[in-house]
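For reference, the structures are reproduced in the following blocks.
First chain A sits with chain B, and in the next complex the same chain sits with chain C.
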Partner chain A sequence: MATNPGWLQQRIPISPEQLREFTNEPVPNHLKRWWFALGGTPALLFMGQIITGILLAMYYQPSMLTAYESVRQITEDVSFGWYIRGLHKWGATLMIAAVILHQMRVFFTGAYRAPRELNWVIGMGLLICTLLTGFTGYSLVYEQLSYWGATVGANIADNVPVVGSLLKQLLLAGEVYNEHTLSRFYIIHAAVLPVLIILLVALHITMIRLQGVTEFRFEDEPEDKPRSFNFFPDHLYTELIIGLSLLVILTTLAVAVPAHLGPPADPLSTPEIIKPEWFFYVAFRWLKLFPGTAAVLSMGLVVVVMFAWPWIDGAIRRRQPSSELSVWFGIIAVLAIIGLTVWEAVVAH
Partner chain B sequence: MTLTVKRNIITLLAMVFLASLLMVQYLEVARKQEEAGLRAHHIAVPSSSKNCVDCHKNVSPGIIDHWTGSKHAISGVSCVECHQAASDDVDAFEHYGATIAAIVTPMDCAKCHQDVYEEFSASHHAKGGNILASLDNLLAETVEGARVPFNPHAATPGRPDFDSKMVDGMTFAAVGCKQCHGSKVGLQTKDGGIVTVEELKPDASGKPTNLAILASIAKDKDGRPILDPSTWPNTGIGRINLDGSLGSCSACHSRHDFSPRRARQPENCGKCHLGPDHPQKEIFDESKHGIAYYDLKDHMNLDADSWILGKDYSQAPTCATCHMSANIRGGKITHDPGQRISWTNRPPVSLAMDTDADHKIVTETDPDKRREQITDTWEQKRNRMKQVCSTCHTTAYVNNFYVQYDNFIQTYNEKYGKPGTSIMKALKDNGLLTKADFDETVEWTWYYLWHHEGRRARHGASMMAPDYAHWHGTFEVAERWYTEFIPEVRHLIEDARKAGKVAEANACSQVVEEIMNRPEHKWQVNPDGFGAKAPEFPIRTASAGSN
Partner chain C sequence: MTPHDVAAPGPDEPIERRTVLGGMAGMGVALGLAGTAGGLGWIASQFLYPAGGRPTAWLYVAIARDIPKGGSLSYTGPTGEKIAIARQGETGAVEDFVALSSTCPHLGCQVHWESVRQRFFCPCHNGAFDPSGIATEGPPAQAKQSLSRYPLKIQDGLLFIEVPIPTGTGAAT
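The block that comes next holds the complex of A and B.
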């Protein structure tokens, strides 16, 4: 009987006390501040993406002949299909924005420093997986821009020295966009990357639990104030409020700015303006500023530096213990990202 | 650096990031809405036309608004690009620093659309102005109106200016026929005459070679050549332009937005293809094609760039779908609708659409000579149309449709078209009719029979419209034939005989009675011979009649 605790406890041998202890990990006080709760935001959004993604997958058909029509069907014919698609589309945008904001917070507060270097690397992996999920999802619509975006993306990959050709082939399932490309994108988008993200998130949280959350104490905080609070229910309430707020924001966006469909993909006609999704504007503008291989290599170098930043920063701080170089470096990097993104957004070509 | 400072840095950067994200999302959403046709494209007015746009925004905002919604505007093609003229063009004038012409001809459009220009120029559409010398125009200019200006015979209260002005009897043609078929554009001369392409004798580039006549052209106070109001405004599809080019692209594409969407819709063709003699628009409306179109037009991607049947849409066809647009069977877009028409149902007797190198219908009857003249056969044209049909229909369906259509045309031709033509020729050759057309009842009767009802029937059959094929078609043809045409012809013959023209009357009577004694007309005198059982004719079948 489900109501018999003895029966349940026999089968799930965890006592309520153990459960409370497990969940009631003391959470540092600074997490009461909203901007420190940005790690949970992408996780909540990711859960939303999984749910809406499963619903969309019930109608989506990944082939060149059916993809566009199935998205049109979802958008126009299926009950609340437009809403689910809107949630999924805007959820992706907010998730990427939240990951970037979280990473900014971690970077500027130096939370990546020893012994948490590996967790920064996991975070970088999550960022790349998130961006790739966005890219492959955008391509699934099979409208003109998503087709040409994928083609341009593959051509960019082709510019990587030595492995470029292989990367392009792996991405497109051949030399050019073909009948296998969409199904490959679909598997990567709906199975490979989500599983990878779940594993990385699990690893990310495990590391946090093992190492504890980085503790910060503000200068104006009284010394005798308790330095932590309970995860359950206090922090859970915070996350719940964030989750509900996100649902309101997403619903507003899905209703006010619904996901539209552009013209269907036409491999014979190149659109006048090709642009990727906004989160690749930085790379796209960079590629327009510099010649092919140089741009790809320099972008690759930026990614390597980002992965290795905890050790680079460590080396700097060993030589100059009070250096705030990373903060200035971060300010320049963030402004550069914003600048390149806005630049790409405002120009026609 | 304290944690508070860092917090402030993060807050500031996050705010800038979120603000830029909002802006980028706004721009991206706007761009997608433009692509989906839900928002007007952002237009950057090219410097070449900035002054024009600024001024005309106030002077004639409709023009600018239409242009703003056009593909031209998105592509940077603006006022000057289309209206620009050379100073030696006959209709050129200076307009606030630019040399322009009011009329944009197909030759102007050819600067960017050379292929379309060549296809269109070869089409019957472009030659629509030839109507100006036909029987139809005789009706409007002479029978309905007057070919000569005449004095007003009575005062028009409130319009004293009318009393001193000659009545322009050609206006019925100007406002009627020529608005569809096209006018021969004319410029007024200082002495009240008109200069047209015939006097200007333009060369291949459209420049007048008869320079002597240029000095005679009248200009207004701003130096603008005065266009003759009986010939302009005009967007007739066969307009004969001052530069020698034929036609008007705006006949279908409507200035100044040149919307492909509009040109793809049957209502657009219906400006001209409707009415008693060629009601193609109404015929389409009652056909299964038309019914499907009105039900499903919202799903037909009418704004698509390529608009390929079978790829971009397949819900229903429009006029443009079958006669002009591309399809996945290999049919490429053409601006010559005649390329897919295998019968011409315009004349009293339908003709197979074999055409020569000049795209003229071959009328030669000797088989060998005919073969030499033909460059594009009716079968090639039909096969092009079948490519369209087979996007949605089976081969057997399409072939059987053509069997029905061919049989219909042949029955009309043999029972009414050719016999009626023979009878009218016999009456004229034997002097039973005067030389003037439309001065005798039987001429009106015969005109109604072939030009209105006969054409209607044949067009109805060509586009699967049963009511036009039958009740507005062959029923009225038969009624006119048996109750008006033949009795009137017999009366004429009887009157001629009484007037002493016995030989002539006998010759005509022989033609008429030979026709009326043919099996297809004999039902009147031998009603029992038909009706109980259909006679077995060696009629055409799909396997024999179609490829």
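The block that comes next holds the complex of A and C.
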């Protein structure tokens, strides 16, 4: 085949210079510090989730009669099924942790402040989508945790005033868990939420590119040093190193703590000791402390406050420009989250 | 576009017929699109909203006098719900009996009977209920939610209960 050097150039009319300019956003120096690469981490993990998720979907069968058996088959019979499932499960765990850490980093560095309020809102949307993907994911296994998790989740939705009943019906495809429920959870987990996440991430990154990341200068940096470095190849190498490290961590976890299979769902009995995945411990403990609607409304209020925080913080800082009240607020919130999580983790009931 | 391009006609300038017609056509298109989107949205929501209404039927449970005072039995309805039926009196009337759903009114988990503490307990969020189904601890007690009761009747000495029955082919499996 004759090679024409201009062939590709004709089809994709972008010059190498344009391409370099397009991808080569100067990256501020502070991104060399690892805790500033926490946004790339969930993005990398999400890519892994898509790949392992597609592989798992080749065997998974979303119905009450077949779901549990198909997960058992993946775990025990299919070649490397245990590994793919382990990667997917631990990938979800790490992704949720990374999203939370990223959000904490943004919060405590005040990176949500004007003009980046909207990107904080997009980030909140991503946090919620990520948590919902985790929830719908463990509901698919159709073990006891899946069944009762789905039931409790739908009834939490039911406690939302006005639209609650509709939400529950739409989620379960009925008043109670039935033969159409699993396929809804599956389509939400594997199609609706991932597409939403991709759109939100695209928006999130576009906003960052438009506004540039918040620049920090640390005390130990010499004044005359350039304030940024190139995305390609420098920052890409950082991301590559993070990606490879994640693969090592995920593999270690998948081998050392393999994804197990609990007892199959039994609609007739709730296990004596039942807890959701760790990222819902806070909500689970909260639901034990307060009656249904009060617990659901107060959790909703917390979410609304989190969405609106850039404006709440702005109002506080207009009154007291030097106030760092948000840092104290954040510390209290983090301690409360840790406290409730540990409380739920250490007790049987 | 400069502001000049979109400036509305001043008070003395006559509004052109073409502008008005163009605006009306634009609004018409917008309304049509909104209507179409709304209609499709409505159809989608109807499609997603499950067919409602579950029929019920009176089903035979036991010979009433076979259950002594203080006795109970667990009954499984045709759609799989677990029901605790207990006798609390000796008048022989239907008021002696109570049929309690085992579904916790808080968030839908299954309660179980703890004979040592003489209570129904929900392991999900620590709800507890006394033998007649009234909430005593946990979120259900705070919200004053009791275990729901099923209607009972006695006919010719036989105890009957009204429970949901399966519909269609799917529910029968």
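Operating definition for what follows: the second predicted complex is superposed on the first by the 344 of 349 C-alpha atoms of A that agree within 3 Å, B and C clash if a C-alpha of one lies under 4 Å from a C-alpha of the other, contacts with A are read in each partner's own complex, and residues count from 1 in each chain.
The definition used in the following text is that a residue touches a chain if its C-beta (ideal position, glycine included) is under 8 Å from a C-beta of that chain, and two chains touch if they have at least 3 such contacts.
Since we're looking at a predicted model, the values are computed, not measured.
Which term applies to chain B and chain C once both are placed on chain A by superposition, clash or fit?
Aligned on chain A, chain B and chain C fit with no clash.
Of the partners chain B and chain C, which touch A:Thr93 in the superposed model: first, second, both, neither?
Only chain B is touched by A:Thr93; chain C is not.
Given Cα centres, how many degrees, to the nearest 10, is the angle at chain A formed with chain B and chain C?
With chain A as the vertex, the angle is 60 degrees.
Using the superposition on chain A described above, determine whether A:Ile273 touches chain B (first), chain C (second), both, or neither.
both
Could you look at A:Ser228 and tell me whether it touches chain B, chain C, both or neither (first, second, both, neither)?
neither
A:Phe290 in the overlay: touching chain B, chain C, both, or neither? Say first, second, both or neither.
A:Phe290 sits against chain C, while chain B stays out of touch.
Contacts for A:Ile156 in the overlay, against chain B (first) and chain C (second): which applies, first, second, both or neither?
second
Return first, second, both or neither, reflecting whether A:Asn178 touches chain B, chain C, both chains, or no partner chain.
In the superposition, A:Asn178 touches chain C alone.
Name the contact category of A:Gln169: first (chain B only), second (chain C only), both, or neither.
Touch status of A:Gln169: second partner only.
May I ask you to decide whether A:Thr251 touches chain B, chain C, both, or neither, giving the answer as first, second, both or neither?
A:Thr251 sits against neither chain B nor chain C.
Could you look at A:Ile331 and tell me whether it touches chain B, chain C, both or neither (first, second, both, neither)?
first
I want to verify one number: the closest Cα approach of chain B to chain C after the superposition, in Å.
Here the least C-alpha separation of chain B and chain C stands at 8 Å.
Quick check on the output: what are the common chain A residues between the chain B footprint and the chain C footprint?
Looking at chain A, the two contact sets intersect at 268-269, 272-273.
Please name which positions on chain B make contact with chain A in the complex.
1-4, 6-7, 9-11, 13-14, 16-18, 20-21, 23-25, 27-29, 31-33, 35-36, 38, 44, 74-75, 304-306, 312
Along chain C, where are the residues that touch chain A in the complex?
For chain C paired with chain A, touching residues are 48-50, 52, 54, 76, 80, 82, 106-112, 122-126, 138-140, 142-143, 145, 170-171, 173.
Going by the contact rule set out above, which residues of chain A touch chain C in the complex?
By the definition above, chain A touches chain C via 65, 148, 151-152, 154-156, 159, 166, 169-170, 172-176, 178-180, 267-274, 284, 287-295, 349.
Once bound in the complex, which stretches of chain A touch chain B?
Contacts found on chain A: 35, 93, 97, 100-101, 104-105, 108-109, 144-145, 216-220, 257, 260-264, 266, 268-269, 272-273, 275, 277-278, 281, 324, 327, 331, 334-335, 337-338, 341-342, 345-346, 348.
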